[in-house]
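In the two assemblies presented below, chain A is common to both, partnered first by chain B and then by chain C.
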Partner chain A sequence: MSDDVLRAPLVLEYPFTRTTGPVIGGFLTGLREAMMLGAKRSDGTVMCPPLEYDPLTAEPITELIEIGQAGEVTTWSWAGDPRPQQPFEQPFAWAMVKLDGADTPMLHGVLVDDADAMSTGMRVQIQWREERTGHIADIAGFVPETGDAG
Partner chain B sequence: MRDVAVIASAQRQERSIDNESEVEFMVPLMQQVKESVGLTQQDIGFTCSGSSDFIAGQAFSFVMTIDGTGPVPPISESHVEMDGAWALYEAWVKLQMGEVDTALIYGYSKSSPGSLRDVLATQMDPYYVAPLWPDAFAIEALAARQMLEAGKVDHQRLAEIASRARTHAATNPHAVRRTEKSVEDIMGEAPMADPLRPSDISAAADGGCVVILAAGDRARELSDRPAWIRGIDHRTDAHTLGVRDLTQSMSARIAGEKAGVGDDKVDFAELYAPFTTSEYVLTEALGLGDDVVINPSGGALGAHTMMASGLIRIAEAAERISRGDGDRAVAHAGSGPVLQQNLVCVLEGE
Partner chain C sequence: MGYNQDPSVPPAALSGAVSIPDALADLEPVRSVTTPLRMEYTATPGASLSKYLRAMKEKRIIGDVCPDTGMVFVPPRGVSPVSGKRTTETVDVADEGYIESFNITRIPIKGRDDLHPPYVSAWVVPDGSNTGSIALVAGDDLDLDDVRIGMRVKAVWKPDDELEESAANILHWEPTGEPDAEVPDMMRIGRPTDGGAQ
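And now, the complex of A and B:
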């Protein structure tokens, strides 16, 4: 590119505030309290994280129930070079984790030293951040299950 | 149903278009395609575009590009925040209503100033997923591992898809990844988003595509061999990754059935497959056998211009039909994480 091209930084902002409502808000409040909530669907299965409607039947969802804080990795990908925006400082694994008591897996990071420590089907548990604000990153990540509460 | 055909198209794709804005590089394409069939903007009944503010980094970014059409006196137009293939669908519906006989459709983006794989995180769930910024490669990698571990596909098959795409792309002047590579060499690549290797991942490009649709006799007047749209349908899967089976595509299967893919022999297919794994899922969902030539253009693995790649699949398929390279083709467009949305179009020559 030639030197006479004008370059300027562009910071994209969407300065809106949204209310999260009883279901998503309920889940996020649970995170602040270090508690995991799932939504009961009409077929009896439990979805975590919960949505305000059933994504397959479009029925409204109202009932939240507490579920486990450990579960099983259903798939994963090693992130050897975390992207700058991601809330993970060290290399980690992206994983879908199906928590005990839930029927659908959720996306988060698994905090292990290298890809050799990862496998589909491995048991992991939540590691909470000490300061929680009602945000998905209140979960610092998952770690291999030890049996101790995170 | 009213007979509607693709009668002309033009495209440009480059690794990065540095010193031209979107409107600057779209104007010549719009002019070129209109001139190729002897139409001016005032002869066009409806104009529809597809682009994304998230890639342009600017609200209502499409408005400036409309200026490129020459919209004076005022024109009838619309825009979708989707790949241009969905703009084509809207135009097809408009033509079905019978009030207009021609439509101009375009899709474009210039993703090179940012990091597309990261920008695509903003299409994820805004509360549970987007704040973690999973990049698009990582999300597809999660699906890829499930396919591999379920034994649905293996690395050899994925490398064969990647190698064939490169061979096809080498013959396409619009492709940006045009170096051939053997299956063996691709198998030897170090993973980029484990288990995906660099050749499993599409080659990002800047650019756009413009298509003209015409109905009935107007199409026959303007083209020696129009590519008739015999079926077109689009469907969507759930947004939440956790409730989907990422190893298959229910929405692509339904769209394919509704568009009539299996009603007759398919000569070739142009599929929007930003990953080799996407191509595997799509060929299964659409029931395309080994006798169907997949992505003779090289597909998105050869050049992936976000917001235009789906429309380019339709343009590539239509151009081959119009040239007489085949009589019946499937064109597919996709959008969203792990091909959440799918549009399928069946094109035929007369």
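And now, the complex of A and C:
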């Protein structure tokens, strides 16, 4: 009998399907159609991504409006050695991006070659996937703004 | 509205009264999204479970003996759950036993294409053990209506050349046709110290 330590792979997987409701569902419908939507709050400011309730007043959100597809990096962190389950295989930047027309930033990846290409305040734009399903990954990532639509 | 809104009145977000740009209004809305969670570990079983898994490779089921009560716990954990004491003796239990409880599943589970409903999950107590564990009960001519508490079953092992250090060596348990076991009254942990029903 061997005294070697036994090892075995152990995978825990939860294949959740969530219902979205009309606010998150509306936002995802927009993604599928390559359109960015924000939630209008009672004070007139716009949240993107939307929440179902205004975090300040707890009022339900009742209006989604189209916002821009480019914006400003408000903060970022370089992922130089992406782990297997991160959304990108190449090094990338996690970034908070405040899209034009929105008052809150959203988290996504900025696809640049190295950290020297990143800076707070830089302008970036959405790069859409060709095949979109109504999922946050319909946005392939953000790239430095060129002026051309993604 | 706000924090004091009547909980019996659905908020707009749930009633569907959310306006969206005209360009999207006539399209089929997204109603659900899949968000799988997956965690990959490398598991190391520890000393007691390693002994259990190595015994499995020899088609043996082993358990730990509680030094105070003599109760046998399968699989062995190195500590008796009734006395809290470290166990020092390991014994073989039988690869036959009885069904203490069971459930028939008729609905498929996503991601478990190896299970074909309807199938029987049972709590099987091997002879010589004071504890049971979850197991599949199957058999070529198994009549689901015939499955019952107390039914005698025996382990069906993988072919010898496919045995590994794994509890999956037992493919399932199948009825033996013997007279039913007399099932003792359930206790929260463990069964009578005479080794269970026979």
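In this text, the second predicted complex is superposed on the first by the 140 of 150 C-alpha atoms of A that agree within 3 Å, B and C clash if a C-alpha of one lies under 4 Å from a C-alpha of the other, contacts with A are read in each partner's own complex, and residues count from 1 in each chain.
Simple rule for what comes next: contacts are C-beta pairs under 8 Å (C-beta built on N, C-alpha and C of every residue); 3 or more make two chains touch, one makes a residue touch a chain.
These numbers come from a predicted model, not from an experiment.
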Partner chain(s) touched by A:His135 [first = chain B, second = chain C, both, neither]: both
Chain B versus chain C as contact partner of A:Gln85, first or second or both or neither: both
Touched partner set for A:Ile65, first chain B, second chain C, both or neither: second
Partner chain in contact with A:Gly26 - chain B first, chain C second, else both or neither: second
Partner chain(s) touched by A:Glu52 [first = chain B, second = chain C, both, neither]: second
Overlap of chain C and chain B interfaces on chain A (superposed complexes): 1-2, 5, 10, 12, 20, 24, 28, 85, 135
Complex contacts: residues of chain A adjacent to chain C: 1-2, 5-26, 28-30, 32-33, 35, 37, 52-53, 57-66, 84-85, 134-135
Interfacial residue positions of chain A with respect to chain B in the complex: 1-2, 5, 10, 12, 20, 24, 28, 47-49, 51, 55-56, 74-80, 83, 85-87, 94-96, 104-109, 115, 120, 135-137
Contact set on chain B toward chain A in their complex: 18-19, 57, 115, 118, 121, 127-129, 131-135, 138-139, 141-146, 149, 191, 193-195, 238-243, 246
Footprint of chain A on chain C - complex, ascending: 1-3, 11-14, 16-21, 23-24, 27, 29-45, 50, 53-54, 110-111, 165-166
